[in-house]
Structures are given as structure tokens and as C-alpha cells.
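Next up: some structures, all given as C-alpha cells.
There are two complexes below, and they share chain A, which is joined by chain B in the first and by chain C in the second.
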Partner chain A sequence: MSTQTAAAARAATEPRRTGAARPAAQQTRPAIGFLAPFIVLYLLFIIGPALYGLVMSFFDTSLVKPGLAGFAGFRNYAEALRSSDFWSSLWHTMWFTILTTPPLIILAFVFALLADRVRRGRWFFRLAFFAPFILPSAVVALIWMWMYTPLLGILHVSLDKIGITAPNWLGDPNWAMVSLAITTVWWTLGFNFVLYLAGLQEIPRDLYEAAAIDGAGPWQQIRTITIPMLGRTTTLVAVLQVIASLKVFDQMYIMTSGGPNFATRSILEYVYDESFTNYRVGYASAVSMLFFLVVLAVSFVWFSIVRRQEKEV
Partner chain B sequence: MATQTLEAAPRAATTVSLEHFDRRLRLFNRICAGVLIAFALLWLIPLLWAVDTALKPNAETTRTTWLIDDPTLDAFGRILRDTDILNWYGATFISSAVTAIGTVLTGSLAAYALSRMRFRHRNVVFWFVLAGIMIPGQVLIVPQFREFDSVHLLNTYWAVALPQIPTAIAVFIFKQFFDGLPRDLDEAARVDGAGAFRTYRTIIMPLTRPAVAAVFIFTFVSTWNNLLWPLLVLTTPDLMTVPVGLATVQGTFGIRYADTMASAVLGAIPLVAVFLLFQRHIVQGIAGTGLKG
Partner chain C sequence: MASISRRNLLRGSVAAAGLAGLAACSSPLVSGLTASREVAGSLDFWNLFGGGDGVRMQQMLDAYQRAHPEVAFSAVTLAWGNPYYTKVSLATLGEKPPDVAVSHLTRMKNLVNAGLLQELRPDDLARHGLTSDKFNRRAWETGLVNGKIYALPMDTHPFVMFYNTEVCKKAGLLDADGNLKPLTSPEAFTAAMQQAKQATGAFGGVVAFTSETATPWRIFQSLYAQLGGEMLADEGRQVVIDDAKAGQVLTFLQSLTRGGAFPANADYQGSIAIFANGQAGFFFQGEWEISTFQTAKLPFSMAPFPNVFGGARYACQADSHTLVLPRQASEDPARLDRSLGFVRSLLDQSKTWTEGGHVPAWLPFQQSAEYRAMTPQSNYASAADAAVYDPDGWYSGSGSNFEIISGSVVGAVLAGQLSPAAAIDQLHTQLGNLATTASPI
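After this line comes the complex of A and B, so read on.
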């Protein structure tokens, strides 16, 4: 890590020196050759579809009929903003984000902090916390659906043994989203854990040594050195987490199909339902665009926070 | 290393207080380790429980206990025999490998141009590529689906792989890595008469192995695990990816919990293998790109 940063810093000064000596227009043609494979695929499968989706959102396009069909203007957007299904799915997405983000940041931070103090057996913690992250959502969903099974599931039986009556995890509309959130925390915590571990390793050890000589105990060191020094990591973790949570789809699709009684239908599942069950792709595109605006807003908030943090340093 | 030699001097001077401090610190670290081990074991329970269930006969799964009276591999045999899982492995491997190779090649070529070549509108191109990071892939599924439908490419490996190849973040990661390599290497190659492509292929790419490994593994795993897109474009059981196949057949197991868990374990095995083999690359990849991206 540190060698890479040093190399990057060196390179930042170097290119200008060598680059300026060369005639500018010389490499345009080979550059096009290098860029072409990426740019062609990028235009065909990212930019093109993005624009096509934007156009469709202004038409009454149907999945089962060719062409764009009649012009709708802003009717799709107006319908979405008036639709209670749209707002409830947006709320479910927000609720899922609220339920998952704090534990995924705090637990990852605490686990990384603890792991940083343990000298031996790091591989074991990495395996335990990170291995779930690399599993497909379908595998995670199957395992947790079995754990959540009423009466027979390990969660019901274990809680029963200590005298707690387990809720009907996925079947109760009040609990279904919480259950999906628990599964998601278990599944994706490893990613944030690894980010925090890397952040911890960037903190110079002599800071702790100096604090220790001044008589600072472990708690004081954490409060006055570790937490402030991890500010940028936390910003990064938080934003990546919020965006990832907003995009939730797989867990709902497999574990609850958006139920019970649509209590866990996320915004992407709403898009999926409108497109592929009701065939209303024009309307679904409008909903996608509104969702895109939400993600964009989050990214911009992050961007401005990072800029402020960089100014402070 | 350097800090250890530096610390030796002050330690000698303040032996008494540091000894007390060391004892306190050691106790604190031991408590930390204990708490962490407890959580790690808690985190392993779902995986262990899945394996445990898969090793039971279906009839025994209704007794919720870790003990197995009659351990058996029958459930695995049934899944391998009765589902298309072997085909899914093959299909997923092909589309993931094609995607990962495509992402590494197109991304590194574009990044090389952006890092090393001077051409007009270079900054415009760079920002144009960077904008792609902002677009969540999920909002593109509907137009992408119509696109592939209109050229009759649904239900092909192409439909799975092609849209996942252009990854703006991969260009960004490679560019950052190339920017960190000394320019003298290129100059030396140029003096020796190497063209841009030969410099890229014989000088730059061999030095870029860590970034190539990170991008390749990440693309491979995320393509392997992707559910939404392949779910839409694949309806032929033979071509399904592992997640799509598992999601499709899960309803048919009913209360045969051992079979369900055997399918989950079989779905997990390739990725656990990838994880164990490439643990360091994966972890460093996240740490490096996450923090710098």
C-alpha cells in the first residue's frame, strides 16, 4: 500500500516532464486503437442503454410490442410520483438501508479494531467474516431461509432454548425486512471489515507509541487516534454501503418475493415487476430514472464530504 | 521495523510505568481476542449449519440438532443427478471467464491510452469513462433487455457476458496503476524501437500483475454471482448460471432441507475455492481500490 502511494506520488510529477517534450498530435491514431474496444462496448452496453432508457421513460413503451409506442411526455413520471406503490417501494428500500447501514459500519469497524490487536490467526477472522461476502446471493438466501424456517429452523430452536419466542421471521410483515437485513449484515460485513483493516494499517504505529509513552490507555488511543484517523475510510464505507443497500434486489427476490403483502418490495423489484410482469417498460424506465437520481444525490453528498475532508488535511 | 528500534531508547528510561502499561495492554488485547473469536464463531454458524444439514438424510433434518445419527452424502448425489448443476458450473465458468478476460483486456488497453498517450480531448474521454461509475447497472436492465431481444441474442452466453465487460472502474484502476509505473521504462522501449502496443504488451502488462489479478478475480466473482441480469436473459436450463439455477429450482425442494442445503453447498464450493486460492489478491484488491477509488 505505502509503496504504491509513494510510486503514485512520484509518477504525478514525472508524466508532465516527459509528456511535454513530445509533439501533441502524434499519438491520436494509435490512441484510438487502444481506446476503441472499450469505448465501443461502453457505448453499446452502458451509454446507449442509459440514453435509450431515458427516451423510453417518456413513452408508453410495452415489453411485448416493438417500437417506442405513443409519446407520453412526463406522464410516466407524474404517475410514479402519484403512485402509492412507488412510494412504498422507495420507503422499503430506505428502511432496508436504515436497517443495514449502521450495523454494517459499526460492527465492521469494531471487528477490524479487535482484529488489529490480535497478532496471530488473522486468516481465521478473514475467513469467518469475509468468506460469506464472496458467496452468491442465491446460496446465502437458501441457507438463511432454512435458518429462518418456523419451528424447525435453528434460530427458532436456539431462541426457544433460552426462553425467547422467535418471530415468524420471513412470514411476518413487521419482521420480514429485519430478517433480510440480518442476513445482509452477515453476508456483506466482510467487505467493510477488509476496508477498515486496510485503513487501520495505514495509521503510523509511532502515533500509538507516542500516546502510550504519554500514558494513554487503549480506550483513549482508540478515541483520540484511531477514530479520527479513520475518518476518510468511514466516509468511503458509508457511501459504498448506502449505495449498495439502495440497490437491494436479490435477497427480496429469492427469500420473500417482495412479500409478505409487498412489505419487502424494494424499488428495483418494483421496476422488475412493472417491466416483466406488467410489461410497462416505459413506466418502469421512468421509475429507474428516479432511482438513478437518488443514487446520484448520494454520490454528490459523498463527493462534497470528501472534498471538505481533503481541504481540512 | 524502524519504529521498533526507535522505541528501544525511551523504553529503557521509563521501565516502571511501561511495565504496568504493558500488563494492562496484554490483558486488554486478550479480551479483544476473546470477543472477536466469539463473533467469528457466530459468523461461521450459518455455513457450518448448512454443511451439517446437507450431511443428514432428509428425514433427519426435522430434528434441529448438530448431531447426525446417520451421516450421508446422498443429498449431494441427488442434486448432482437430478438438477443441471454440472451444466450450470460450465455455463457460469464460461460467461465469467469471458467477461473477466474482456474486462481486463479492454480496460487495460483504454487505461494505457489514457495514462501514456497524448491525444486531443484526452480529458473529455477520461471524464466520459468516469461518468460510467455513476450509472448503477441495475437501471440499465430494461433497455439492455430490449437491446438483446431485438438482435435475438437472448439465451446466449453473449447476452450474459457482453454487457458486463465494459467496467468504468476497471479502466480507472488500471490507469491509476499505470500512472504509478516509471516513464523511463516506456522511453527505454521506445528507444529500442518498440511501438505502443509492444510496450504495452511486453513492458507494462507484465508489471501490472497485481492490478490484473484484482480486476480479473473481482469481475469473475461478480459475474459468477450476478443474479438479476442472467435471470432475465437466460431461460434455457442448460445455459443458466449457478445463482439463476439455484433460484429457479429452490421452490421444487419443498421440505427436503438436506437437498436444499446440499445445493447451497455445491453452489458455494467453487467460490470458497476461489477465496482460499486468491485470498490475498482479493483482500488487497478491495483495500487498494476501495481506498484509492
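After this line comes the complex of A and C, so read on.
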């Protein structure tokens, strides 16, 4: 209370600097007040644990022992960087991102374009594409595990009917990640789809009319109007998608538990295994911190590439 | 009622938030308001049994529930291996553990060292007739931690040999009484496999090792322990592999797939299919696969894993399912008695459990005529006394990193991808990495 009154008194006695500064200063305090619920939760559940994780990463902290335990310095980091498990699981996450990001952007765009052109029953297509996104990961995993079942699953049976031998979707180390990527594309396509659909509706219709009068065909219209006008949406979709793909955990944990032979263990599952199964919270925190740096770097590079392209367009 | 002013709404929200904060600070208040488990006389049981074991466990739980309708009983079955132990650990750390849980004997010690299990005092156990003289000695003694009791063994599940009686008869491997001739040397073992191979026209025996780590580890450990070999010492802080002995076992195992006696590529389900289709005379696996072949109406019998290298010292890899009581936030004598009564009820139903192949650890049943009359289950009862459990270590135990590393290496030798010498090097390196890592427990 006292600080508030003191601040108010100071604000009152302070001379006006510029006309604009005063309203801004007046608005800051209520703004902070309105933001407080968010800021408190953010500090409590994001910043706090992150700092705690950073501290733990320098200790041999155990899940089942009280306190931070012995000081490890950079030993946990050194161990992670030397560990082949760390690098292979990091690569699995990257590989998953590479497999899912392009289809999730391109297919979402194509489907949004098609759905936008539908005259009657557009709501149905919007719903159809968005519906999988609202399913919980466990439900999605279950549906696809049934479909991927060797010999009995619908994919095997249907491919068999047209004379193609289906791979062992989740059992073959070379196919397991591809199968997970297919599942993920089906599951999360709806989110990008909705973003694109919203973007499409923002484009003024008269641009198309003008182009049509000038004799531009549908393909030319897409290439020269739709794609450039959706530049900002694409940036947003691309960045959100890369980050979402890097954070993959649920599908793998449920559908393959990282197998076969660790071929689909993502970096987050490695963190989970080390911290909760092996009780090595300190080491797992170090791995999380390294992964955080990777995500930061990837997002930054990716964001700057996409932004530059957007400007060029 | 009609109009809730903003001010009142805010006041109400603040009051609710304050109440929640208050509640979070004092857990008795929370349990008084929300959780009913403390007052209702409830019993939560977690287990990891699927397949035939799962069906039999359900029968036993149903019987318990019929006898104790007053107990609010709930059972949860979770996926086997690391996921199960992770959940048991986290639930206990979060002070919401089940009252009774199943644990492999080889995983139980790490749970004890992590402070996640209750010590079971002999007087409490005696009230329910659970005394040490009523349990299989080997399983009981291996389960003690510093002389204290934390786990009550239900069974021993050794690595055993299944054999197709028709194939063995055709191959001349049965004596006049229909018993399998002893396979007590590498030569006798290999010869028998070759004879069986001729009889089936496909393979002599089969063991799973493709995309499978537990089974190759089990066959290796059985043979290696017969030579008296050890893997780890000093609670897992040292790798003490005897290169000569390990080399002997790995060379022998590789000779079986190289010589065509065993298929050079067999995953878990595939190995079952090969044996069930009569394409192999012998099948090496834990005894729990008994139901699979009974269902398939295969003419088969079972025997302890052969004493190939041991001579006078017989050994085979095994583990035990035990019942443990995770640490509770508060002690409650009534709950303890309810839990131990439940444990006793499961042990009294050892017959049902034994049908699934396991050797009962509960001696009142194991020493009964009823058990001796159960075949082929009683054929390998002796294996329980020669059981070799996985070595101690924070990374060891059933389905652990230790088994995964060792089993992958042995599997690669069986597949012909690694030479025995290279395999031993790899074991030293990979297990050495774990051994030098500071134990988190």
C-alpha cells in the first residue's frame, strides 16, 4: 500500500515531460493489475520451475532423495554431449520435425483452399478437418494403433487387397517414425487449416475479380494473389508448427514407447526416461536445458528465414 | 439472486482462491473435504499382469472381493516394465500410492533403497500367518534388504525349456518312460538340437532374440551362471564380467544359430509360432508361455533349463513376482491389516496362479500333493531353488537398462552380427558407463 501511495505522490509532483508520456504512465499500473493473474501464474509455473531446472542441472539431483545432492558443475552437460542416446533422441525429434512440418503446412494450405471454394456445406469441411485436432492424444494413438495393427489392421488389409505388401508400420524401425508422422499430420492438420481458412477470408474478393477481368486463370490467381497475401499466416503457421513438432512426446510415448529399439525415442521422452524412470532429475534437467537452447536456436533461425522470405514477397 | 454484482463476484472468487490456497497447505483438510479413501476402508491394488496372468489375477481378485464385500476394492493394471515402476515411484513420491502393488523381486530393492516401500514387521506379518518358513527360501532370502522384509514373494518364474513330445519321440530323445534324456553338456545339447532338427525338417530349437532383449539376456544368464560367472559387483558400481566364461557361452550360443539348429532370426511372437507349428522341437522362454501352447493343443512338456555347463552347480535365470506395500504418508494399522489380509488371500489362491506356469513361492501349496499332481507345472519346481536373479544395481532388474543393454548384445551375437569378443567389449563399455554414473538412489 505504502509504495503505491508513494508512487502516486511522486507521479503527482513530477513535472510533465511530454504530452504522450503521462497517459502511458497512467496506464501502466492498471495494465499490470490486469496482467497480474497471468504474471503470477507465469512466474509460479513457468519461470520458477525453469530456474529450478537450471539450478538442478548443475547438481546430481535425484528424484527420490531430498535436496539438490552433490554439486556436479558441468558434468551433467558433458555427459549429455558425450551420450549417444542424447544425440540419437535429438535426431529423432529433428527427423520427426522434418517429416511433419512440410505436409502440415502444404496440406493445410491446400485443404483450406479447397474448403474455401466449397459453396454449400462449407461448415462440414471445416468441422471434418478440425475435428481430429480436438481429440486427446490417447484417443488418436488408439485409433491409429488399431489401423496400424500388422495383418489385421485396416491399412494392412486394404493395401493387401490392391496387391501391395504393407510395411510393419510401428514395428519396423525404418517405418515407425513415418507412421507416427502420418498420425500426427492427420491429428494436427486442423489447427493450421483453420489459420489458413481465416487468412483466406481476409483476402479482399475484389483482388480476384480484378485479376479475373485481367484474364488471370485460377492457378495464376493462387500463385500471385493467394500465396503472397497469406505470407503472414504462413510465417505464423510455420513457426508454430516447428515448435509444436519439436515438442513431440505423447504419440511416441503411447504408440511405440520410443521403440522399436529406441528408433522413435524423442528427446523429451529421453528426458522423461532419465528423470522419472531412472530418477536422475539433475542429468535430465541438463538435457532439457540443452534442448531448450536447440529449440531457441532453431526457432530463431527458422523465424528469420521465413520473415526474410515474407519481406521479399 | 438475479444480479450478481461484479464486486461480489470478485469477492467470491478471492474467497474461493483463498480457500483453495488454505486447502493446499493443509492436506488433512483436503482429505476431509475430498478424498474418501481414508474413511471408507478401501484397498487399491496395482499390478502389471497382462495375457493369461492378467486373466488369472482377475479371478483371484474376484474371489477376494466376494469374500470381502465390505472393502471398497479397486485394481489397476499398468503396462509392464519401466512404465509400471515409473508410475509406482511417482505415485508414492506424490503421496498417493496404492495400498498394495506387485513388484519384480529384482526391481523391489531399488524401490526400497529409494525409500518408497514400507518395511514389513514380522509381528504384523505373523498376525496373518505370513512367516518366513512358509515361503520359498531362495525367493524370501533374495528379497531381504539388510535383513529386513519389504516384499512377500508370490512365485518364482524361471527360464525353462519347452519341448514338443512328438518331435522328441521321433528324434529318439525320450527314454522308455517318455522322459527327456538329460542334456548335460554342450555336445549333448547340440546333438539333441540337431536330432530334433532332422525330426522337424526345419529347426531343432528356437529362442527369441530379434527386437527382443529380455529373452537373449535370460538364456545367456542361465548358461553364464552355470559357469559361475557374475556380471556386476558392489551394488552395480563395478562390472566384473569374466571374459573367458562369457566368451564360452556366447560362442556356444552363436554355434546354435550358425549351425542351423536355431533359426537365425526370430522375434518373440515368431519364436512362439515356430514352436507352436511344430517347426522346432525345443523352445526356451519363461514358463508363463504355458497357456499359449495349452490353448494351441500342442503335444508338449516342460523341463528346467538344461544344465549345459554346470555339472554339480545348476543354475537358471529367474525372477519373482512379489507383493509390496508402498510407503504411505501416514501410518494406519487398520489399512496395514487390510492390505496384509489381501496379500494372504492372493497367496491362498496360489493354485490359480500356478496354472499360469509360475512356481508357487507359498510353501503350504508348493508342498501339497495337489501341486505335485499338476503337470507340467511341477516338472520344473526345482528350478526355483537354483534361481539366479539379476545382479544388484540401480540400473538393474527386470526390464531395466541393464537387461536391455546385455540382451541387445547377446541378441546381436545370436544373429551373427557381433563376434563374441566384440560383444564382450561392448558389454564392458556400455555397462561400464552405467556403473560409473553416480547412483541416483
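Some notes on this structure:
In this section, the second predicted complex is superposed on the first by the 258 of 313 C-alpha atoms of A that agree within 3 Å, B and C clash if a C-alpha of one lies under 4 Å from a C-alpha of the other, contacts with A are read in each partner's own complex, and residues count from 1 in each chain.
Quick note on the criterion: a residue touches a chain if its C-beta (ideal position, glycine included) is under 8 Å from a C-beta of that chain, and two chains touch if they have at least 3 such contacts.
Quantities reported herein were computed from a predicted structural model and do not represent experimental measurements.
Of the two partner chains placed around the shared chain by superposition, chain B and chain C are both touched by A:Phe276. Within the superposed three-chain model, A:Leu236 lies in touch with chain B and out of touch with chain C [touch as defined at top].
The partner that reaches more residues of chain A, of the two candidates chain B and chain C, is B. In the superposed model, A:Pro260 makes contact with chain C only, not with chain B. Of the two partner chains, chain B is the only one touched by A:Thr28; chain C is not. Touch criterion met: A:Ala138 reaches chain B, while chain C stays clear of it.
Looking at chain A, you'll find residues 63, 276, 281 touch chain B in one structure and chain C in the other. Per the touch definition, chain B reaches chain A in the complex via residues 3, 6-7, 10, 14, 17-18, 21, 24-25, 28-29, 32-33, 35-36, 39-41, 43-47, 49-50, 53, 61-62, 64, 102, 105-107, 109-110, 112-114, 117-120, 122, 125, 129, 132, 134-136, 138-147, 150, 162-163, 165-166, 168, 171, 176, 179-183, 187, 195-197, 200, 221, 224-225, 227-228, 231-232, 242-244, 246-247, 250, 257, 260-261, 263-264, 267-268, 271-272, 274-275, 279, 282-283, 286-288, 290-291.
Those residues of chain A that touch chain C in the shared complex are 60, 62-65, 70, 79, 171, 257, 259-261, 273, 276-282.
The part of chain C that touches chain A in the complex is made up of residues 79, 82-83, 85-86, 89-90, 93, 114-116, 211, 394-395, 401, 408, 437-438, 440-441. Note for the complex: chain A touches chain B at residues 1, 4, 7-8, 10-12, 14-15, 18-19, 22, 24-28, 30-35, 37-39, 41-42, 44-50, 52-53, 56, 63, 66, 111, 113-115, 117-118, 123-126, 128-132, 134-139, 141-147, 149, 152-154, 156-157, 186, 189, 191, 194-195, 197-199, 202, 204-206, 209, 212-213, 215, 217-218, 232-233, 236, 240, 243, 247, 249-250, 253-254, 268, 271-272, 275-276, 281, 284-285, 288-289, 291-292, 295-296, 299.
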